[in-house]
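The same chain A turns up in both complexes below, where it pairs with chain B and then with chain C.
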Partner chain A sequence: MQINPDLNFIKYLKGAGGDTLKKCYQCATCSVVCPLSGDNKPFPRKEMIWAQWGLKDKLVADPDVFLCHQCGDCTAYCPRGAKPADVLGAIRAYAYTHYGFPSGLAKLTTSAKNLPLLIGIPAAIILILWYISGGMHLPAGEIDFGHFFGHWDFKYLAKTTMFIDIIMLPTVGLALFSAYKGVSTMWGKMCEGANADPVWRPSCGKFMRDFLWPSVKEIISHDRFNECGANKDRARGHKPLMLAFIGLLIVTTYSFILKDFIGIVVPSLHGPLSLWDPFKILANVSAIALIYGIYILWTNRSNEESESGKKGTFYDWFLIYEIAVVGITGILSELTRLAGLPVLAYFFYFCHLVSIMMLFLYMPYSKFAHLVYRTFAMAFERYRDSGFIAGKSEA
Partner chain B sequence: MTDAGGASPMGAVLVVGGGISGMTVALEAAEVGKDVFLIEKNPYMGGRVAQLNQYFPKLCPPSCGMEINFKRIKNNRKVRMYTMTQIKSVTGDAGNYEVTLETTPRLVNNNCTACNDCVGVCPEERDNDFNFNMDKTRAIYKPHEMAMPMKYVIDAKACTKCGKCVEACKYDAIDLDMAPKTFTLNVASIAWSTGWNPYDPAKMDNLKFNESDAIITNMMMERLAAPAGPTLGKILRPGDNKEPQSFGFVQCAGSRDENHLEYCSYVCCMATMKQITYIRERYPEAPIYVFYIDLRTPGKYENFRAKLMDDPNTHFIKGKVADIVPEDDGSVTMVAENAVTGEKIRQNVDLAVLATGMEPAAQGLAAGFGAEVDSNGFIVSNEDKAILSAGCARKASDVVTATQNSTAAALKAVQASRR
Partner chain C sequence: MDKKKQAYVCTGCGIGDALDIEALTGMISSEMSVDCKSHAALCSKDGRAFIEADIKDGVNTITIGACSLRVMQDEFDFGEDKIVTRANLREQCAWCQGEDADAEYVQELGSDNMRMAVVKADKQDLPEPYQLEKITKDILVMGGGIAGLTAAKEAAKAGYAVTLVEKAAALGGKALGWRKQFPTKAPWTDLQEPTIADMVHSVESDANITVKTETEVARIAGAPGVYKVTFKAAGTASEWDAPAKVAVDEQDAIDKGDVEDPNAGKNPYMQENPEAVDFGGVVLATGWKPADVSEYEHLGYGTLKNVVTNAEFEKLAKAGKVPAKVAFVQSPGGKDDDKDFPYCNSVTSMVALKQAKYVREDNPDGQAFILYQHMRTPGHMEMFYKGIQDDDGIFLTKAAVTKVEESDAGLTVSMQDTLLNDDVSLDVDMVVLAAGMIPTTKDEATINLAYRQGPAFLDLDLFEGYADSHFICFPYETRRTGVYACGGVRKAANMEETIDDATGAALKAIQCIESVDHGVAVHPRSGDKTFPEFFFQRCTQCKRCTEECPFGALDDDEKGTPLPNPTRCRRCGTCMGACPERIIGFKDYNIDMIGSMIKAIEVPDDDEDKLRILALVCENDAYPALDMAGMRRNKINNLVRVIPVRCLGSVNMVWIKDAMSSGMDGVILLGCKYGDDYQCHFVKGSEIASKRMENIGETLGTLGLEPERCATRQVAITDYDKIPDIINEFVEEIIELGPNPFKGF
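This part shows the complex of A and B:
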């Protein structure tokens, strides 16, 4: 067997939190103590040697890399301090960049050096549009973020709503397209790796029913997180955070439909929701859950880093900062709006828009990408064990 | 060797620990004319080797090599031997140490002839630590079959001082009021040959040592296989005395692991292979599974390994056992990943042997008395201070290596004494 090690890949992993990977001596303790690893080709022992050998093509096509939840049991029992959990995290970070489209933007998201650009691009876009909109002045009277980008009398689509659409819809569109492209490439590679015959595939409906939906249900219930030993506490932060995102997604979708579609027929719907509107209540509860969740994850990670003395990675912290800023600016803009402080309210609202745009824009390349890649890897795991593939290998 | 020049020795040597290494240091130094004080914490000499069923290089029973050393010690007036004795303090410096020692009362004096009459009347029992608590002795007992000195001893913790043994003893050998004895020696050099302890298997929580009788250590296996052991040499499962139908070995149990012993304990691979021969003598067909990371079979031991691997019922699997599951029928299931095939293996066996490593026995103690100790707890020889280390106190090693470096330590001790 000829091995073509990719030295740059090894270098990348070492820089991205996998600096310990060369310590591994293949005792396979990790594959046994991992609570998530199955009996057939368990992980992460094989991933460790592939990483040592620089076999990046094998790794980015390996569903097990994404099935890892970084419980840390492997790291706790590792006799060599090779920290398989961190190495797999670094491989995932690499994979998101590898599958990212456009690749320039994906690469930009990998380094703290690029933070001025990462923040600057969305900030400049919003600032320019704000300027063009003519809404860049302090409001007279009650603060209404519905007038942030100005106001006109065209009753079928509010001016601010239109500007928000101009900013967010292409951003979300790009993110969804990139995620789709990345996931479908990954799926193809995983099928190749598993020797799946692409001629015989499940229908879309069957795929959703048998593979994707059970995975989503499993993710929401946090079953795998709960099997974790060493880092069990993370589920305590991840669960409220994930539910908060689902809650905010519902509110945003509701608001989008309300303002962009129903608003055309019933113009009176424009304007902020009442504080006692059920959707507003959901939004506020979600905001608090989001801040609570990210607080737990933040403190967990900083405690873990101060205990182990290891340096945090940009990959891990960028997402934590992004979410924290989204949550904090959201809450602050609401509070300053209610308190009637226009300067602060507009400032925080601007920051809030920038941070939301960042979250969407960089979703497919940052750690946030686990949202799609892990979900589909879990679906692939079910697919791999189903009759579509499992039956084949016996034939 | 004759006493060189016949002159009186310029300085005595204190040897701490009376196992195979300590006896070697003591004899090599004494046979060139040094005065040697050999102290031992246990009530018997011989240390870990005395507990083995057989030992390398020739798979002799310990009665073999040990017996020669015992005889040399008995015949050499230069060696003064103190059992049940430990260091209390060390003052002075190289060439001129003053060492205070304390002897715990044996409660049995030199009149003892090992007639065994006392054991029959003693009503109290104690766990037999020589057999790793797999059986019991009376509170008054013979340390082991070939104990040197051949004198009984009373476990003060178990004894209630009922006095029945005193009545039974025909030789007036039992003194229940014997007091601890403190004494001082002046020596030129100190050689630490304090050996090793088996690493505590309970510290590896995933190996569940305390949760099943079917999980034993390699040293317990030595006692099970020894003719004078708790099962008289039959290898039976502790607890239910079942004849095991299958065996498993867990290599590197605690060794090469930064959470336990960072270093390779050197002997465990060969110990396991030796124990496979014990099993084969008694159970010619029983399947044996050895889970390992790497096998350390230096030099000619390669042939030994090759021969064992030819056995179709002995399976070597590359992959460390990281979980052991006790089963209801008394067996255990060992879980590992075969790192060659990438399959997870769940192997059920009737008896699992943890190849636990060597932990230096006296690391804290020696450091407290001026010895230099490395990061793994092994004692570093320092010729300038005339504090030396020998055997497994110096590094994890087999008997051959231990006796070699003990001879080297003896030479250094002699040189330090002549300065």
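This part shows the complex of A and C:
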């Protein structure tokens, strides 16, 4: 293998939370404590030296980098203070940008300097559409976010629903496309790295059944989190947060189907759900779980930073802020709506929409991207150990 | 001296319980004709007063039966004009017997120990120190590099006149070529500007130091305190060059004209140069030479452009800018050998780190690759390593470099077994090989002594050409008393280590000169006033002493009669052990004394169970190990009688004959390890003794005695747990053989 270190990559990692990476002297204590490390893949020892040598191509194609959920055992035991966990976090941050499409947007998401743009773009889009919709005035009577973008009598599609669709469907579409593109590039690189023969590939069904679904099950059960020693509290925050997202996904899908399809035939379904609707209950429970989860993760991280005296990175905090804002604005807009405070309710709802758009839009490039990359890395891990690859490399 | 003798037995520490004290004192008083008293604690204030009262009455020869001679030395020191001998009744009698031991046997052991100590006192005299008529205290320092400069400065600071000899035209040595030097102070991370100019200046401006540049030492004759040193212009030949040692068969070949005489045109070693300069001690700091690495063909040194050694790279860096992409190859071995280049120690690791920094300093996007098998950064240098490692453009990995070849990009370095989990190749502008530091003593005599045993340090074939006699126990000492080595001739060392080393060597030279001035041994028997005395009328010129002396202390005249140099001597007694005429001895340690002690042991000739086994035990390691075994209450067979000796090398074979002819049943010698990891304090003593014992075994055979009755065992000071078994097993073997058939004759 011809080696050519990339000094800029090293600089990037040092700026993105991996400032300690050069301290590693390859003793492999991390590999001994890491539950992910196998006999023939000293993880994350080898990733540390790849990072020191600026070998970015090897790192972005390394499934182990994505499998790490930063339990922090390696950092806790490292005798040199090289903090492998933080370095791996920085490598992942780099990888999300590296695989991100379009790359301009991906790069924009890497720096706090771009925050005005990161917030400004979605805010402006929604503000403009809100203005165009003609709904930008305080409602008379009961507050109904279903009339946020105004109302018309065309019974097959509510005006607000249409505007929400105009905003969110392209955003989600772009995010999904970008994630797909990124994951498939990553998959290709990983196959190359593992010497997989592209002629032999599992069918789609087999892939879902044998590799993807077991990974998803494992993620939901938080099995790997529970193997951690140093950082057990993270699971306490991550689990409710993840379940909240699943809950909210169900509610959103339900209301999307309800409003955009069933609503066509049953116009009475427009309008807010009753508080006692099971889906509304799920939504509220999820919202509370989300707030609780993000609170735990927030305090964990700030405690950790005050203990280590290390300054946090934009990469880590951006997602925490995003989720926190989504949760808080969601709850506040609901509370102010119920309290009958239209100005506040509309304001919070606007913020809520902006934060949701940000969450979707930046999903493939921010820390949120772990959602797809880690899931597929876990699927790849199963694929790698399956007969498709493992058997062949031995032969 | 007119001896007035008195013996004492202490009853403390369990001695009184193990022995019948009354019987013991009675036996000494009657049988040995020396009055013997007992006391409950001789080492107490009261006990000392008990003895001092007798001293007031004129007693001057005292035998104390109590603890080991290794303890309570101050308590039983009654001044230089008294003879004191000790019988070990505690560690090697009372404490090493089990509760089931036969009281009669224990009593016999204690009695023999007392008898031997009384005889020992009887057979020795007070030592008189050897005093030179005229002593020179000036110190000669050879070599003007960091080591030599430091040694000269330190010796001068202590008030000694120093002459510093340097072959080159300027002082400073290798350090003159350095661009930067390793950090010497906190935080130990940054390279420093070289300080060599200051060091040179401080030596040159020191009134106590005479500097001779472009000068070499032709020969060093004489001995500590009275060295006669001949200088010559660097690079020239002189009639005073130290002659090579020529063995007898070589001399025959030379005489026949088959071989060229290596000493043609040189004066004999004993010839005195009237113009020689007097010195008291010598510090050898002639340093090192960069190694040649062209033998490693796969690395391309000498055939590929831009493959250089670390020494050459330093020159480049000092002269100007270094290339932007440089690989530092620390180990030559290819895939199957992880050894570093020879003679590198930890220095080349640190040099690579330093030079990697030059690459970064000179090139904004510079990349330096350090490919090592071992990264050695001892002590504070770990901080230096950390600092260098932190640089984004310095890359380190363990690697087996298999090939360096030319390519379009410049040079391509291929390697295997890297930490990167792959076989890797790198394109670089330059490859730097971590060539080692060859000591100047490797291929040349360097010290140029005009000694009978030759001009060089004796090479043990253990230290790969480094000047060394005992690296761990006696640093700086060489096998030539008065010559102390430091810096590159001792090991590949960095500047700080070298400065420590040179300071140590200077102090050691001073210690030697002052010891010589007081007429005492310098080391390892520091302060010993005795020295070997020769009764030359009976010398047969057999040359065994001159050949066997581990320190080359003995020269000789044309006939072969030894000419002792007491200030070179370490007082080990190897000459005494070697002498077949038994004409060499010390005032307090001689053939007659030990022989009489052996004869004082009571050998029952009518009891087949009461065998007697003599143990001659080296007092440096084996004797303390025996004491420790006693302290731990390990049982040692009570048929054994122990006599401490200075070194097994001092054991004269007549003692073995004495023992066997007096009816004893076996003799065991316990001494230090010899061979590759030898521990003998006198380097060769235990090895020589084991050879002599092989020969005596044959002699015994011709007399009809089993050779197995004599044995030598190697014991380390840490072997206190093994030593009882070693002895007890030997006793079992003797019991198996049965009593000495000559018993009673």
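Please note the rule applied: the second predicted complex is superposed on the first by the 392 of 395 C-alpha atoms of A that agree within 3 Å, B and C clash if a C-alpha of one lies under 4 Å from a C-alpha of the other, contacts with A are read in each partner's own complex, and residues count from 1 in each chain.
Please note the rule applied: a residue touches a chain if its C-beta (ideal position, glycine included) is under 8 Å from a C-beta of that chain, and two chains touch if they have at least 3 such contacts.
What you see is a predicted model, and the numbers here were worked out from it, not measured in a lab.
Trainee: For the three-chain model obtained by superposing on chain A, do chain B and chain C clash or fit?
Mentor: Partners clash after overlay.
Trainee: Just chain B (first), just chain C (second), both, or neither: which does A:S386 touch?
Mentor: neither
Trainee: Thinking of the overlay built on chain A, is A:Y77 touched by chain B (first), by chain C (second), by both, or by neither?
Mentor: first
Trainee: Look at A:L7 in the shared chain and tell me whether it touches chain B only, chain C only, both, or neither; answer first, second, both or neither.
Mentor: The answer is second: A:L7 touches chain C but not chain B.
Trainee: Please work out whether A:K46 is in contact with chain B alone, chain C alone, both, or neither, and reply first, second, both or neither.
Mentor: Touch partners of A:K46: chain B and chain C.
Trainee: According to the stated criteria, A:C27 is in contact with first (chain B), second (chain C), both, or neither; which is it?
Mentor: first
Trainee: I'd like to know which partner A:N284 touches here: chain B for first, chain C for second, both or neither.
Mentor: Touch partners of A:N284: none, neither chain B nor chain C.
Trainee: In the superposed model, where does chain B crash into chain C, at 109-117, 199-207 or 343-351?
Mentor: Here chain B runs into chain C along 109-117, and the other listed stretches stay clear.
Trainee: Just to be sure I follow: which residues of chain A are touched by chain B in one complex and then by chain C in the other one?
Mentor: Touching chain B in the first complex and chain C in the second, residues 25-26, 42, 45-46, 80 of chain A appear in both lists.
Trainee: List the residues on chain C that touch chain A in their complex, please.
Mentor: Going by the criterion above, the answer is residues 365, 367, 386, 389-393, 395-398, 419-427.
Trainee: Spell out the residues on chain B that touch chain A in their complex, using ranges where they run on.
Mentor: 206, 252, 256-260, 293-294, 319-323, 335-339, 342-344, 346
Trainee: Which part of chain A faces chain C closely enough to touch in the complex?
Mentor: 1-5, 7, 10-11, 14, 22-23, 25-26, 42, 45-46, 49-50, 52-53, 55, 80
Trainee: Using the touch rule from the top, collect the residues of chain A that touch chain B in their complex.
Mentor: 25-33, 37-42, 45-46, 77, 79-81
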